[in-house]
Structures are given as structure tokens and as C-alpha cells.
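Common to both upcoming complexes is chain A, partnered first by chain B, then by chain C.
Let's look at the complex of A and B:
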């Protein structure tokens, strides 16, 4: 499905990371690999260290901390927020929505719309599309998009498919109306037949957590995990990404009329360096234009990797300049989505730690 | 090309004999998915190519012949 939005802009991005950094080398003894093979894995995948939330910290806490920072520094006013979108796979509760909890904590207006969206790797793009659809209403002038995930407690320490890359983080993106036309081209696709390729089997209503679901089992590749843990069928995910993402971006070029060489940065979701390098090669864009340093330095926090990459790689540059960004997310769902838009003259674009 | 491939495979998994005929490296557990990642990285740099991501499937790494075909398809000389 294709979208075109006009007169909307991103006015600021704030990424909130946990302070605790864990090095790949500190965990590799848990994996069923020799040290030499683990080091090869590290090099090929671009793993270095990842940020992990402290025990008890949730996605809510990172969003609350970031919003408080923006309010305290006069970068955002609570009374200006017309909609609060929380995109995550790690809410505090099944009910109520986490966005409503934040609404209550900050005493936001009663006519501020709160919405939780369950989405992961494409969560930034889906959140942007939802924010822009809301901004098509005259009553909505400013949307605060919260992408947050704290999934590290759900990953088995003995799962080398997922543990080395998982990261926890949140990002706050302010999206608002603007005078300039500023076209935003977006698209999104879904394939629910692959919905369980990335999943957490137990913990919902279908299979509640129990002593039985907590039993660790070994898979064919030598990983140990229980049904309470996140499971990623890595080969299936890789094949899906390589099959679906390049045609999606080729379509985005046609949709937007943008030449691939005119894109300043390709800010893609970051599962690992190998996957991103293959995408860059296939699209015929320089690998340097598609950063892979978020999974390397902070880990993969699902839908948070794209805004984190913008904050980390472009920082203040985007407060003084404007750039053409091609953004893409792909994964859980299965979902794949991309956006082509100019981003710049931001009020803020930075990383803080909790 | 075959000799070079066998050398790379042997460096990757020295415990196995990749010169045997009629052996499926995947079915026999001689190569896992992470071996394939490392193998692709090594083949890319050795032959100055970038193997297409859609071709990174187990069947394309099952035998030396399959790997040769994969390389030729992706422009290796």
C-alpha cells in the first residue's frame, strides 16, 4: 500500500538508551560455538556491544524519562501534544495501553489521542504513517511518536541467534504540520503467513507462562531457549528481507521520482551488518550510505534502530541542514515498510541515557 | 575455482573433508547458517563480487559444484 503525505515534517528526534553496555566477548561463552567461530560471527555480523536495560526498567520508563527531558528543556510542551503513539512489543500491561499511562503521568489534555500499536522492526515507519494520517485531520497539529522496546529479558542468554544483537532503547519523534509541501512518500506491506517466524510463544492468552513454558530446550543449532523466550528463525528472516526489501525500495524510487544517487542516507533497520551490506550491494548504493553501526554499538531495539541511527549518525547536522533520507524497516509480522522524505532543521536530534 | 573453494571450506571447518564426492554439506551438518555467512564473506572478497542475498540458500552451499554454480551466477571469473 502506497501513501503520499504533504505539509508534515519531523521536528525533533530524541533517543534514550540504557547506560549498561554489554560486550559480545563477555557473553560468547554462553553460546554453543568455539571462541574462534564466535569471533568470526562477531566480525561478519558486526556485533560489538549492546545496551541492556537494568532489571525492572521497562519501555515506559525510557519514554517517560525522554518526555520529561524534552519538557524540562523546553523542547516540547505537554499542552501541544494532540496525539501520543506508543509503538512497542513490550508494554507494561496487556491493559491499559502504555500511552494512556504516560498520558496520566504527565497530565496531558483530555482531547489528546492515545494509541498503542504492537509492531517491531517496522515500527518507526508504521508509526510515521499513522502519525501522518492523524495529521491529515485539522484538529491534529502535533503527534509524539514513541518507539520503545525492552525485550532483552525475553531473550535466552544461550541463544546466539538473538542474544548478541538484542538491544533495549526508546526514541521520541515529534511529527507536526508545516507550511512547506515537504512530500513524504511511504509504503508498507504485510505477510501474516510468516507471523510466527519471529515470536514469543508463551505469555499471551493463547499460552500463558507456566513452569512448563519455562523449561529450556535445545534446538537443532544448539541454542537453548524456553517458550517464554523470543525465538527468531534467522534463516527465514534473512531470506524474507533479501527477497522483499530491494523490490520495495525500487518501488519507492518510482513512487517518489527520486534517483537512488540523490538519497543522502539510507537509514535502515539494523538486524546485523551482513544483512545490511547485502541490501546495499543489491540496491547499488555505497555501503557507507547505509549505516550498520547501531547494532554494532547499541544493539537492535526493533523499531528504535532507525531513529537511533538518525540521532547517532547525523546528530546536530540535522539541526542545521536538511537531507533526503530513505528509511526502511522489516521484520516481525512479517512487515516491511519504507519512507522517502526530507528531514532537517530539527529542534533536537540527540541521544541521552537512563 | 574448485580447489580454491575447498581450501576456503577447509579453513572454515577444518574438522571435515570437503573433497568427498556425493556428500551434502548441509544435510551432513558440515556447514550451518553462520558458516554460510562466513563463507559468503570470504567468497565475496576472494572473487571481488557480492553474492546476491536471495541466493544465500542452503541448497547453493550443499556441494562444491553448487558453490561453483553460485559463484558463476554472481559473476565470478
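Let's look at the complex of A and C:
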């Protein structure tokens, strides 16, 4: 499904990371792998250090801290917010929505629409599409898009598929109306037949957590997890990404009329360095234009990796300049989505820590 | 066939790959080697298989024949 939005822009991006950094080597002993093999894994996938929330810290906390920072520094005013979108797989509660909790905490206007969206790796793109659809309404001038996930507590320490790459983080993106046309080309696709390829089996209404769901079991590759843990069919995800993402980006070139060489940066979701390099090669894009350094520095916090990569790799440059970005997310759902747009002259684009 | 066998030898880190053996007979066979093979199929042979399918071949030779028959 293709979208075209006009007269909208991103005016600021703030990434909030946990202070606690964990080294790959410190967790290696938990894996059912020889040290030599673990080091090979580290090298191939680009694992090094990842940021993990402290016990008790939730997605809400990182969003609250970031919003408070923006209010305190006059980068955003609470009364300006017309909609608050919280895109996450780790809400504080099944009910109420986490966006409403934040609304209450900051005393936002009653004329501010709160919405939680359950989405992961394509959460930044889906959130941008939702924000832009809202901004098509005259009543909505400014949307605050929150992407946040604290999934590390759901990953088994003995799962070398997911543990070395998981990261916790939040990002706040302000999207607003503008006078300039600034076309935003977006597309999104879904394949629900692969809905359980990335999954946390227990903890919802279908299979509530119990002592039985907490029992650790070994899989064919020697990873130990319980049904309370996140599980990823790595092969299926790899094949899915390599099959679907390149044609999606080719389509985005056609849709937007943009030549691949004119894109300044390819800001893609970052599952690991291995997959991103493969994607860059397949698209015929120089690897330097597609940053793959988020997993090695901070870990993969699903929908937060794209804004984190923009904050980390472009920082203040994007406050003084304007660049053509091609962004893409792919994963849980299965969902894959991409956006071509100019981003620049931001009020803020930085990383803070909690 | 030779080219594919030589690439598989690199992934499994052996000098003389015995193609009558199964992938799982090799000590270096693991999920990472499996993923490397999926990546090889995707980038050099324009085809895909699941990791399970790769591991299930009765011999590396049978795997190679299947891959080459898809070319």
C-alpha cells in the first residue's frame, strides 16, 4: 500500500538510551557455544555492546524522561501536542494505553488524541504513516511519535539468537505541518501468515504466564528459552528480509522518482550488521551510506533503531542541513515498510541517557 | 559444482569437504554456518531454503545438485 503526504515535516528527534551497557563477552558463557564460535558470531553479526534497561525501568520511563527533557529545554510545549502516539511491544499495562498514562502525567490537553500501536521493527515507519494521516486533519498540527521498547527482560540469557543483539531504548519524533510541500513517499506491506515468526508465546490472554510457561526448554540449535521468552525464527526472518525488502525499495524509487544515488542516507532498521550489508549489496548501494553501527553500540531496540541511527550518525548535522533519507523497517507481523523524505533543519537531534 | 563446494568448504572451515557426508556431520556446522549458507544461496545462487531444509539433505552432494538444478 502506497502513501503520499505533503506539507508535513519532522522537526526534531530525541533518542533516550539506558545508561547500562553490557559487553558481548560478558554474556558469552551463557551460550551453548565454544568461545571461538561465539567470537565468530560476534564478528559476523557485528555484536559488541548493548544497552539494557535497569530492573524496573519500562518503556514509559524512557518516554517520560525524554518528554520532560524536551519540555525543560523549551524544545516542545505540552500544550502544542495534538496527538501522542506510543508505538511499542512493551506497554506498562494491557489497560490503559501507555500514551494515556503519559498524557495524565504531563497534564496534556483534553483535545490531544492518545493512541498505542503494537508494532516492532517497522514501528518507526508505521508511526510516521499514522502521524501523517492525522496531520491531514486541520485539527492536528503537531504529533509526538514515541517509539519505545524494553524487551530485554523477555529474552532468555541463554538464547544466542536474540540475547546478544537485544537493546532497550526510546525515541521521540516530533512531526508537524509545514508550509513547504515536502513530499513524503511511504509504503507498507503485511504478511500475517508469518505472524508468529517473531513471538512471545506466553503472557497474553491466549496463554497466560504460569509456572509451566516458565520452564526452560532446549531448541534444535542448543538455545534455551521458556514460553515466557521472546523467540525469533532467525532463518525465516533472514529469508523474509532478503526476499521482500529489496523489491520494496525498488518500488519506493519508482514511487518517489528518486534515483538510488541521490539518497544521502539509507536509515534502515538494524537487526544485525550481516543482514544490513547484504541488503546494501543487493540494492547496489555503498555500505557507507547504510549505517550498520547501532547493534554494535547500543543493540537492536526494534522500532527505535531508525531514529537512534539518525540521532547517532547525523546528530547536529541534521539541525543545520537537509538530507534525503530513505528509511525502512521490517520484522514482526510480518510487516515491511519504507519512507523516502527530506529531513533537516531540525530543532534537535540528539541522544540522552537515563 | 566445484565452485559451490569450495564456498561450502570455506564456511565449514575444512580443506577437503567430503560431499557424501551430511552438513550435520561436520563439527563446524551450527546455526551461524547455516545462516552463512542461506546468505550464499541468496547472493550467489538467487534461491532460498530454510535452515532446516539445508540440514535435512542426506548428503552435501544432494544439496549441491538441488541448488544447481534451480539455476
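The rule we apply is simple: the second predicted complex is superposed on the first by the 354 of 354 C-alpha atoms of A that agree within 3 Å, B and C clash if a C-alpha of one lies under 4 Å from a C-alpha of the other, contacts with A are read in each partner's own complex, and residues count from 1 in each chain.
Everything that follows uses one rule, which is that contacts are C-beta pairs under 8 Å (C-beta built on N, C-alpha and C of every residue); 3 or more make two chains touch, one makes a residue touch a chain.
Keep in mind the model is a prediction, meaning the values are calculated, not measured.
When the two structures are aligned on the shared chain, A:40 is found in touch with chain B and with chain C.
In the superposed model, A:236 makes contact with chain C only, not with chain B. Applying the stated contact rule after C-alpha superposition, one finds that A:274 touches each of chain B and chain C. Touch criterion not met for A:317: it reaches neither chain B nor chain C. When the two structures are aligned on the shared chain, A:73 is found in touch with neither chain B nor chain C. Residues 33, 37, 40-41, 44, 221, 234-235, 238-239, 242-243, 274, 278, 281-282 of chain A contact both chain B in one complex and chain C in the other. The touching residues of chain A, counted against chain C in their complex, run 33, 37, 40-41, 44, 160-161, 221, 234-236, 238-239, 242-243, 274, 278, 281-282.
Residue ranges of chain A in contact with chain B, taken from their complex: 33, 37, 40-41, 44-45, 221, 234-235, 238-239, 241-243, 246, 274-275, 277-279, 281-282. Against chain A, in their complex, chain B makes its touches with residues 32-34, 37-38, 40-41, 50, 52-54, 56-58. Residues of chain C that touch chain A in their complex: 30-32, 34-36, 38-39, 42-43, 48, 50-52.
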